[in-house]
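All chains are identified by letter, namely A, B, C and D, in their written order; residue positions are counted from 1 within each chain.
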Amino acid sequence: MKALGIDIGSLTTKVVILENGSILSSIIIASGDEPESSAEEAVEKALNQAGLSFNDDLYIVSTGVGRKSISLSQQQKAITTCLARGINHLLPSARMVIDMGAESSTVVRLNERGRVKDWANHDKCAAGTGIFLQQMAKLMQVPLEEMSKLSLKAESRADITSTCAVFAESEVISHVHRNPPTPKEEIVAGINYSVVSRIMALSKRIGIVKDVAVTGGVALNSGLVYILEREMGFGVLMPDMPQIIAALGAAIIARENIEKDLS
Amino acid sequence: MTEAVNTNKIKAIVSACRIISRMNRARPDVRKSEMLYYQMLNNYFTRLLNARQNGDFIAAHTVFFPAELIYAMDMVPMHTETTTWMISLFTGECTDILAAGAELGLASEICTPHRGLAGAFALGTLPRPDVMLWSNMVCDNTAKSGELIMEMTKCPGFFIDHPFKDSEDERKYLVGEMEDMVHFLEEKSHRKMDWSKLSEIVARMDRQIELVREINELRKAVPTPFHSQGFLELVSVDYLFPGQPEAIEYLETLRQELSDMVKEGKGAVPDERFRLMSLFIPPMYLMSFLEKISQEYRALSVVEPFFTYWGEGELDPGKPLESVAKKSYMLPEMRMYGPMDERALTSIVDCAKQYKVDGAIYYADVGCRHTCATIKLFKDVLNEIDVPVLTLDCDVVDPTATSEEEVREKLEQFFELLEDR
Amino acid sequence: MIIAGIDIGSRAAKAVILKDSSILSSVIRDTGPESVKTSYMVIGEALRDARLTLDDIQYTVATGYGRVLVPFANENISEISCHARGINWYFPSVKTILDMGGQDCKAINCDGGGRVTNFVMNDKCAGGTGRFLEMIAEVLNIPLEEIGDVSLESKNAIPFNTICAVFAKSEAIVYLRKGAAKSDILAGLHEAIAIRSLNLLKRGRIERDFSITGGISKNKGLVRKLTEKVGLEPLLCEDPQLVGAIGAALFAQERLTGADIQTTKIHQYGYSDASGDYFITIDTGLCDGCGDCVKACPAEIFVVDKDDSGQPGVRVKEEARKKLAFLCPGFQFCSQKNTVNCHSICPKDAIKHSW
Amino acid sequence: MSVASDILQGDNSKFHMLDRFREINSTFPKTSQLLDYKRSGKKVFGWLCTYSPEEIMHAAGILPIRITGYSQETELDDGNAYLYVNNCSFSRSCLQLGLRGEYNFLDGVVGGSTCDGARRLFDLWRYYIGTPFHHVLTVPRKYTEKAHELYYREVVKFTEHLEEFLGFKITDEALCQSIMLYNESRKLLRDLYDLRKLDNPPITGAETMEILNASFHMPKEIFNEWLKELLREISVSGERNSGRARIMLIGSVLTNPEFVKSIEDQGGLVVTDELCTSTRYWGDPVVLEGTASPIRAIARRYLNNFPCARMFPSDERFNRIIEFVHDFKVDGVISQIVRYCVPYCHDLPLLTKRLNNIDVPVLALDVEYGTSGSGQIQTRVQAFLEMLEAKRK
C-alpha cells in the first residue's frame, strides 16, 4: 500500500508518494478552477512517475486550502500539521517552519517531538505573500526570478510600510512616480523587506526558536530569504524542494495511518 | 438627527426570543434556565419597545455603567452595546447600522459596537433616550461615544469618569461621580432616588455574584456541565439585570441544573474532548455556528477569566453607592481593563490550572485595542504552563470581518494541534 | 490656442490636446514603471495624431499619480480638481462625481463652475478600486472589460462577506470550489463595491446631477448597481478615462486666457447602455445656431435655442436625449441613406456622433 | 534614528540656531547633553504624554525627556508582534524602540492613564522592557473640583513614589524653580507662535516642529537660551514666508517635520496647530499665585491645560481650536489622525461640524505615526489647497 499526500494550494497542487520513508515521486502542477480535476491530474502524473496507477491500492491524505473539495482522499489534515510532519522528516532539528505560500504565510512552532506547538497566520490585512510578490513583479515589469537578484543589488531600500497588499502596491506606485523616482532595485528590496517584516511580526508573536526552516514557493526567492536571515540574525534551513513539504507531511501521515491499520 | 424611530431590529430580537422560547417549550430536554433566559431578554426588549407609549423614562447607557442606579430610580435602561450585539446575534445583520455609523464620519478604527450604536441611533433603530449615560469604563470608545449620541438625539447626558486604578481616593472620586449622576437624573426625570430600593438591588447583586461563583465552581467538574457558549448568558444577565429578581431566579435555576448534572457525572456533551478557556467575546453572528462546532468536536469553554470570574469581595447593602462603586472594581472585566498587573496574569494561570484547560481561544476583536494589545502577553503566560493559545481574528458584531470558513479552518487546525499533543 | 492635459494615473496614462476648447487628439496607454517615459510616450502619440510638435503646445498641465514627473508640464494639479473641471465640461449640471480609479476611489462635490467644494477618498482599504476588480477578474479568469456584463447575467447574487481585495479573492475561490456561477460571484462583488461607494458618496453630499468617471465607469454591471443604490441616473461621458486629462487641459487653457472657459464648451447628449455608446457632441464654440441640421435630421432630434449666456446654439431635444439610439440610426447608417445629414450640412462641422 | 531631520539638514537653513536644534533631533537619543547628563551620574526619565508633570521630575534633579517613536513611518514588526496592529502606530513605534534597547538609558518611565494605547504601552513596557522606576498616574477626564482633587492626590502619590525611589525629599523651592524654568520655555514658545500670526510669518511650521522636537529631548535650561537666541536671529532676519492658504494642523501626536514640510512645499502655510507635541504641550503656564503649594499649582495646570480629545466635555478643546482659527487667521484645517487614535476619531464628526459652521473646511487624513505625507496624502493636500484657493475666488 502506497502513502500519498496531496497539497492543494491556491496556485499550485503538489503530490508526494512515499514508500517506506523515501520519496518515490513528487509533482507540482498549477491548480485549476476545479480542485478535483487538478488533484486527479497531479496524482496521475505522480503515479506515472512512480510507475504506479490508480489500480494500486493507495492511502491518500489531502491538505491545503482545497483539501476538503476533493473526493479521492481518505483523510484531510490541516496545513500546519502537515508542515510540521514534513519538515520534521527532512530537518529534524527545525523547531520553527516559516511557510511562505501564495495566498498567505504561516509560521509553525514545533515541539521536541516535531509536533505543532503553536502557529500563527497573517492578521486580516496582511495576507497574500506570493501573489503580492507576483503582482509587484508584474507592476515593476521585472520577471519574478529577477526580483530577488535585483533586491540583492540594492544598497538601501524604499520604505513600504502598508500591511495591506493592495495599498503596499499603491505605495510602490508612488515610489515609481516620485520626483526623483526611487531606483528599481531599492523598490524591489523594499517590497521584499515589507514581506519579511510582516513575517517577522508573525514569528515574534509566537516566539522565534532555532532552527528555523523556510518552505513554500516564496522560499525560492533568495533575495527575500537573505533579508529574512539578516532580520533573524542567523541562517535558516531550506529543504531541497520547499514547495512540497506540506504534501510530504500529508504523505507521512498517510503512511502512519497505513501502519496503524496494519497493526 | 432623526426622530423617525424604526425599531424593527429590536422587534426582531423580541420575536426571535419568542420563537426560541416556543421551540424550547417543545423540547423535552430543554434547560429551564434557558427558558428563563430568553424570557428575560424578551421582557427587557419588550419593555424598551413599549417604554414610549407607557411614558417611561428611558436611560440609555454604555457597557459597565452602573445600571443598578437606573433600576433603583425605576427607569427603563437601554444597554446600548448589548442591544447592538443582540441585533447582530439575532438578526445576523448589522451592515446598515455600521454603514450609518460610517456616514456620520466615524472611522473604521472605532470598534463596531460603538460605530454600530451611533449608527443605530442615527437610523432610529434604537429609540430616542431621555438621557444618555456613559462612562470611560472600559475603554476610550465607551468614554467618547456619549457626546455624539447626545448631539444626535438632542438629549441630556451624564458621563461618569471611572478612575483607572483602585485606591481610596479613586473610589471616593467614583462615588462622588455617582452622587452627581444621581442628582443629574433626579433633576432631569423629576424622580427621586429610592435608596432603600437601591440597597435591595445591591443585596441581590451580592447574591448574584455569589451564585456566579458557585456556578463557576460547578463548571470545574470533568466533564463540564455547562454548554460552550453558555457563559454569554451569564454575561448578559449581569449586563442587563444587575441585582434584579429575575437574574437571581435564572442563576439559581441554572446552578441547580448544573449541580444535578455534576452529581450524575453528566457533561454538556457526550465524552468531552477539549476543555477550553475563552478570552474575550466570540463573534455574536457566529454564536450558533461556534456552538455547533463545539458539539461537533466536543470542545467546550469551561472558564472565561475576564467575563465570569469575579474578583474578591462582598457588597454591603448598608453602603449602596459605595458597593456599586466597589462592584465596578470586582468586575471580571476590570482585571483586563485596569492596569495589567500580576493580579490579572496570575488569575489566568490559576483559571487554566483549576479548570484543567487543554487550550485557550483568544477572540481578537479587531476593533478592541485593549484585548488585542494583550494577546502576546497572555500567550506567553499561558505557554509557560504549556497551554496553547489560538488567536482568532474576528469582530464582535460585524459579519464581514470573518467568514465561517475562516473560523472553521482555524479551529480545526487548533483541534488537530490539541489532538497531536 | 493649443494646450495639453496629461493624466498619469496609477494604471493608465492619458493625454489630451485641445485647440480652442475642442479635442484635437487623445491617447490612453498603460502606465509603465517609469512614468517619465510614459508621459513622453502618450504626449508623443497625441501630438502625432494631431500632426503637431511639442513646441506647438502653449501650456501643459499634468495630473494623476505621476503628475510631478512630467518634464514638459508647466504645472501640475491634483486629479480631484481636474476631474471636477473635466466633468463640468461635459455636463455643467453635475454636482456629484464618483471617480473610480485604479488605486483609489473618490467622491467629489463641485459647483456649477466645476470647482471642487468637497471631496472624500477611500481610506487604507482598496476594496472598490480598479485594482480590486482586476484581482477578481484574474481569479475568475474573465477579461476585466467583461466582468461587468457577466455580472448582469446573474440570477441570484452571492452576498459577499468582505470587500477586502485580498480576502474577497480567497472567498471568491471558495465559492468557485463550491461550484457557484461566476456571474453570481461577480454580481455579489459588484453589489459590495456599490454599497461601499455609496458610503463614500454619503460622507460627502449627494446632489443632482451625478456622474461616474474613471476606467471602472465603463463597467455596465457596476454602473447599474450604483444607479440602484444612489437612486440617481448617472450622466456618463463617452470616454470616462479622459475626464482627468481634459480637466487638466482646461486648467491649462484657463491659465493662458485667464478667462473662465465656461462659455465655449463641447456639449454632449446621450448615454451608454449594454448595447453601446450613443452620444451626439455639439461644439457650441463653433455652432452659430444656423439650424440647418434641424431641417436636415430625418429624426428631428435637434432644436435651436439660447444657452445660459444667451448665445443661440443647437441642442438635442430634451425628450430625445434618453432615447437617441432609437430615434437616430447613427451617423454611419444615416450618412449612407441620406446624402444630406447633420454632419454634411453643418457649415461649422460642429456635430459628432459616437455611433 | 531620525532620518527625517537628516534630510532637513540638507536644505541650508536660514537660522544658525535652527541647525543646532536639528542636530539634537538627528542625534537623539545619543544627544551630547543626554550623554553628559548620564555621565555626570544624573538620572534621565522618559514620560509619554502631556499629563505627566515634568516639573516634579526636574525638581528632583532628573532630566525628563519625552518618549517618542521612530521619526519616520517604518515597519513595526516588534510593535505589531507585541501590541498587535490595531493599537496606534505611535505606541507600537515607541514600544519597538524600547524593545530594541534604544531607551535602555532611561532610569524611569512616567505616564498617565490617558488613552488605551498609552496604558497598554506601559503594561507591556513594564513586562517586557522594565525600567528601574515605573509610574502611571490616574488622570481624570473632567475638570470638576473633585477631579482636580483626585489628580492632585495622584501627583502627590507620584511625588512620594519618586522620593521613595530617590531616597530624598523634593523641596518646594526646587519645585518653584522648576516651575519658573518651564514657564519660561512656555512663554518663549508662545512668543515664537505669535510670530506665526503675521501675514508672512518668518518661520515655517516644519521649522517650528524641529524646535519643539528638540525641546522634548534636551534640558530646558539650555533649550531656553537657544530659543532666545533663535528669536533674536529671527527678529533681525526679515524672513517672510507666504503661501496659497493658511493652514492649521490638528489631531494625534505628530513629530515628523517632513509631514509639515510636504504641506508647505505645496504652498500650504502651516501657521498653527493643536497637537500634543506643540500647543497642547506648552499651552498654559503653571500659576503659583494664590495656591497653597507648588504641587497643587502644577496639578491644576496639567489637568486644566489645553485638553486632549480624551477630556470631557469635548467643547473645551473645540473652543480652543476655534479661538486659534481666529487668532491665526486660518483658511483651512488639516486633521491628521493616527489610525486607531480613537479619542480623535470620535471627535472628528463633532469638530468638523463646528468648523464648517464658521466656514472653515476640514481635510481629514488618517495616517500612520511618522508619516512623511507622501503619495496619496500629498494628492489630498494638494486638492485641499486648490479647493481653498477656488473658494477664495
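Throughout what follows, a contact is a pair of C-beta atoms (placed from the backbone, for glycine too) under 8 Å apart; a residue touches a chain by one contact, two chains touch by 3 or more.
Computed from a prediction, not measured in an experiment: that's the story for all the values here.
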item	value
Interface ranked first by C-beta contact pairs	B-D
Chain A and chain D, separation of their C-alpha mean positions in angstrom	45
Whole-Å gap separating chain B and chain C, where each centre is the average of the chain's CA atoms	51
CA centroid of chain B to CA centroid of chain D, Å	37
Interface hub residues of chain D, defined as touching at least two other chains	81-82, 84-85, 339, 366, 376
Where chain B touches two or more other chains, by residue	105, 107, 364, 366, 375-376, 401-402
Sites on chain A at which at least two other chains make contact	123-125, 170, 174, 178, 205
Chain contact topology (line, ring, star, complete or other)	complete
Touching residues on chain A, where the partner in the complex is chain B	77-81, 115-121, 123-124, 205-207
For the chain A and chain C complex, residues of the former touching the latter	10, 33, 35, 65-66, 69, 103, 124-125, 127-128, 139-141, 162, 164-167, 169-170, 173-174, 176-179, 181, 184
Sites on chain B touched by chain A in the complex	364, 366, 375-376, 379-380, 383, 388-389, 391, 393, 401-402, 409-410, 412-413, 416-417, 420-421
Chain A contact footprint on chain C (complex, rising order)	8, 10, 32-36, 65-66, 68-69, 103-104, 124-126, 129, 131-132, 135, 141, 164-167, 169-170, 173, 176-178
Residues of chain D defined as touching chain A within the complex	72-78, 80-82, 84-85, 368, 374-376
